[in-house]
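Input: one structure, supplied below.
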Amino acid sequence: MITTIVWGENVHEQKNKVVADIYPGGMHNHIAAALNNDPEISASVAVLQDPEHGLSKERLAGTDVLIWWGHAAHGEVADEVVERVCERVWGGMGIIFLHSAHFSKPFKRLMGAPCNLTWREAGERERLWITSRNHPITAGVPDSFELENEEMYGEPFGVPEPLETVFISWFQGGEVFRSGLTYKRGTGNIFYFRPGHETYPTYHNEIVQRVIANGVKWTYNPQPKITDPTAAPNVPVDKAPEKIEERGPRLHRDGEEGYR
Amino acid sequence: MITTIVWGENVHEQKNKVVADIYPGGMHNHIAAALNNDPEISASVAVLQDPEHGLSKERLAGTDVLIWWGHAAHGEVADEVVERVCERVWGGMGIIFLHSAHFSKPFKRLMGAPCNLTWREAGERERLWITSRNHPITAGVPDSFELENEEMYGEPFGVPEPLETVFISWFQGGEVFRSGLTYKRGTGNIFYFRPGHETYPTYHNEIVQRVIANGVKWTYNPQPKITDPTAAPNVPVDKAPEKIEERGPRLHRDGEEGYR
Amino acid sequence: MITTIVWGENVHEQKNKVVADIYPGGMHNHIAAALNNDPEISASVAVLQDPEHGLSKERLAGTDVLIWWGHAAHGEVADEVVERVCERVWGGMGIIFLHSAHFSKPFKRLMGAPCNLTWREAGERERLWITSRNHPITAGVPDSFELENEEMYGEPFGVPEPLETVFISWFQGGEVFRSGLTYKRGTGNIFYFRPGHETYPTYHNEIVQRVIANGVKWTYNPQPKITDPTAAPNVPVDKAPEKIEERGPRLHRDGEEGYR
Amino acid sequence: MITTIVWGENVHEQKNKVVADIYPGGMHNHIAAALNNDPEISASVAVLQDPEHGLSKERLAGTDVLIWWGHAAHGEVADEVVERVCERVWGGMGIIFLHSAHFSKPFKRLMGAPCNLTWREAGERERLWITSRNHPITAGVPDSFELENEEMYGEPFGVPEPLETVFISWFQGGEVFRSGLTYKRGTGNIFYFRPGHETYPTYHNEIVQRVIANGVKWTYNPQPKITDPTAAPNVPVDKAPEKIEERGPRLHRDGEEGYR
């Protein structure tokens, strides 16, 4: 079982009738319920309003994959939690960023890039095309599929060149967008997946649900998580793999911690 | 002329006689002087102790390439300056990180990764091998070259997969390290180059000087810098490249700024 | 001056009145003339019907960049010339593949991949979007530009993940395509650029001309070409960078050539 | 079960007493036996001397992963079989190239690059370092491990930039080498793994065996194989995802096959 948390900002679900009508229990619960239909995935939820946003150190320590959806309240996410999430990713937790999470703090932190794009909220048609055929994330997904109403996101998308471009979107209004991108940071796998504007029923779409479930399995790293992923150990001279003798001047003493 | 700043932490040069003897004017001035032998490069210096660390908004606005060397005082660099530097990189300024700058704030910020490694200060021999033959950064550089005394940095190096691996180092004590790596973040080119422990005369080596000069030319982007590299403009329905009509519910008003 | 050859198949120009009317001197001469407006480029032409297809060993030895356009007669290109071209690329010659050259022998040879796609010849509108902002190939090119009539090429495009995706196309009929891709093979830079169906006046478009000229400059490697790019030299024990003694059994004698 | 073939050239095992003593049943049988200890893998063998080199169309059609070891007889492998193997890789079969298979026909065909290197047969010590921590191929493998006697392969290694660099080797004689590299061609995953000179007992090493078994699992693509991986289907106007009308002149008729 892949222990998964679906993190939702849970703001528009509370304030906006359109969103509440599409996702009566909130987007996070809706996505988690869909994932729980998969026998390999065990999904629970966390929201911005929870203590520590539902992402305590203890809970993250038992989590294999985190899914992030945020939009209106990116700025309200505590920096301490962002750093904690990123460290856990570096230690091996998979992470999936959905839609407007392109501007979330953890995504920007992990990309080191502006992560900007162009956008338009007009309910236009989006069609996603597979570009990395038979990538695990595309299992059971046709070469293209449509979402009749979506927000447009357009290139240039200010992200680093990915490991692989898995999906590209066509928009009715004339734009294109790299909609599925994979990365690795530290020992953690990252998947960005574009669809999911909150005023449309995107997460009711079965293909979208399947891509997210595939994404959970792809980002999941079954190897033991690394608990101190930023450690930079000194290797003393007498522990060097090859016998050497110390030469020349030095700044540090044996086994001393390096500067950060 | 490529307007270049060599940024130096300038700490050990002031406190440590060994370092001061090798680099009487400081490492930054030494590197800048070497670069100024190249007719295409105009290099000046900046140090941690300057107001705003010598990296005011105005000065960065006229800078094409920034070179960063830091070690003992990473934590003393102001976050505001780090963010300013990264924004300028996203807007098109090239940046070169030397040696222990792998743990500097701007490098970690641009990588989004732990950037950790193993290390040993034993004055051992390092030999760098070219892995991307005839890359512009290797112009005039032999397939391999040696530094008789260097600090060891060992794999695994916690950085994202690069655009290209340009150099790999062999160490006498038995380790290897990816010593030359290229990245792009936003519209800015990034080059990490490993050698340069402060207690050895590495930056007196002519091949090392040539690699850094090549790096300045490779990271330099002659296209106009982008002054607002994180802008995420709305494209109103009537400005869509293809004629569309708005459909369905929406959250935003025309031309409104998106959430961040 | 970057010595450039524009290679044209020169078949439809001879047989098809539409093509002949758009490109009275042939597509190759038209493209070469446009390139010769650039003071850094010196372009000549070669065609399938020339002896050795105009690509003798001597001529290639003086060539910096080769541009390839082919469509109906891929199978008529001699394998020996293909191998010669690829060897020259490995040695440092830049190469640009235009449009239907995605199925040319040298492109398939250099990619090692199926290079397939979907297609439709309906004169529909194509809009290219920049995805790698301020890449040298995009100098002076707006974020998007249109070609009112083009053949459609659709994803999935069976090519290896590139160094960078520079352009993505939107098509009126609903498809997308990675229209600008960069690669490196050996020491040679490769640029694939999609537009250019022969029955439309694509190469009269000034932005298309600019992209091709930028591509020539980007693929051009000013370092000395490598004349034996597949050499795999033996390093005898007494020439090893570190002193070692031979141990254990062996198959080869000192300095002997390896197996191929 | 992952249906795997270990292909061996089977030349030195027959001619050279040293090799025959280390691998009495041949390297291919030795490697296959080690893989068959893994409950997820079912490995059989094929050799150069078999009809069609043991790689008939029918047999490949039932194969998930192919492992290739060759050295002295690269030139004796039939081009038709090479093309068949590559097509199967494009259709989804995983492939692992071991050691001197860097110069085998299928590896060179899939890389599109010179694949050259430097080498020395001196029984020197090799130490492999993990560079992509917790990559599936490194499961259960320590950060570094040693092979006391190996042939040296040195950089520059003439291969395309990989998806990921997984291992880098240190050699006693002073060289380094990218010893573990991953690629994707068509829908097939490729892993190159360096160790395995035939005069040393490398494939008796348990860590080496584990890396190869991990490699089988990583290159294995459980999705249905694609039987016509080079198909380039025409999409007629009336089948376009968006309604369009044909405009302008054309070369092809509806549904006609494209040129190759």
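Assorted remarks:
Just so it is clear, A, B, C and D label the chains in written order, and each chain counts residues from 1 on its own.
In this section, contacts are C-beta pairs under 8 Å (C-beta built on N, C-alpha and C of every residue); 3 or more make two chains touch, one makes a residue touch a chain.
Because the structure is a prediction, the values reported are computed rather than measured.
Interface residue usage between subunit A and subunit C, two copies of one sequence, is largely shared: over half of the residue numbers at the contact are used by both copies. The chain pair with the larger count of C-beta pairs in contact, out of A-B and B-D, is A-B.
Rounded to a whole number, the gap between the C-alpha centres of subunit A and subunit B is 26 angstrom. In terms of their C-alpha centroids, the spacing between subunit B and subunit D amounts to 36 Å.
Counting only residues that touch two or more partner chains, subunit A has 127, 132-133, 154, 158, 161, 163-164, 172, 174-175, 184, 186, 241-242.
Those residues of subunit B that touch subunit A in the complex are listed here as 12, 16, 18, 71-75, 86, 90, 100, 103, 109-124, 149, 152, 154, 158, 160-161, 163, 172-175, 183-186, 198-200, 229-237, 240-242, 244-252, 258-260. By the touch rule above, subunit C contacts subunit B in their complex via residues 92, 127, 132-134, 136, 138-139, 144, 146, 163-164, 172, 184, 186-187, 221-223, 226, 241-242. Those residues of subunit B that touch subunit D in the complex are listed here as 127, 129-133, 143, 154-158, 161, 163-165, 168-171, 174-176, 178.
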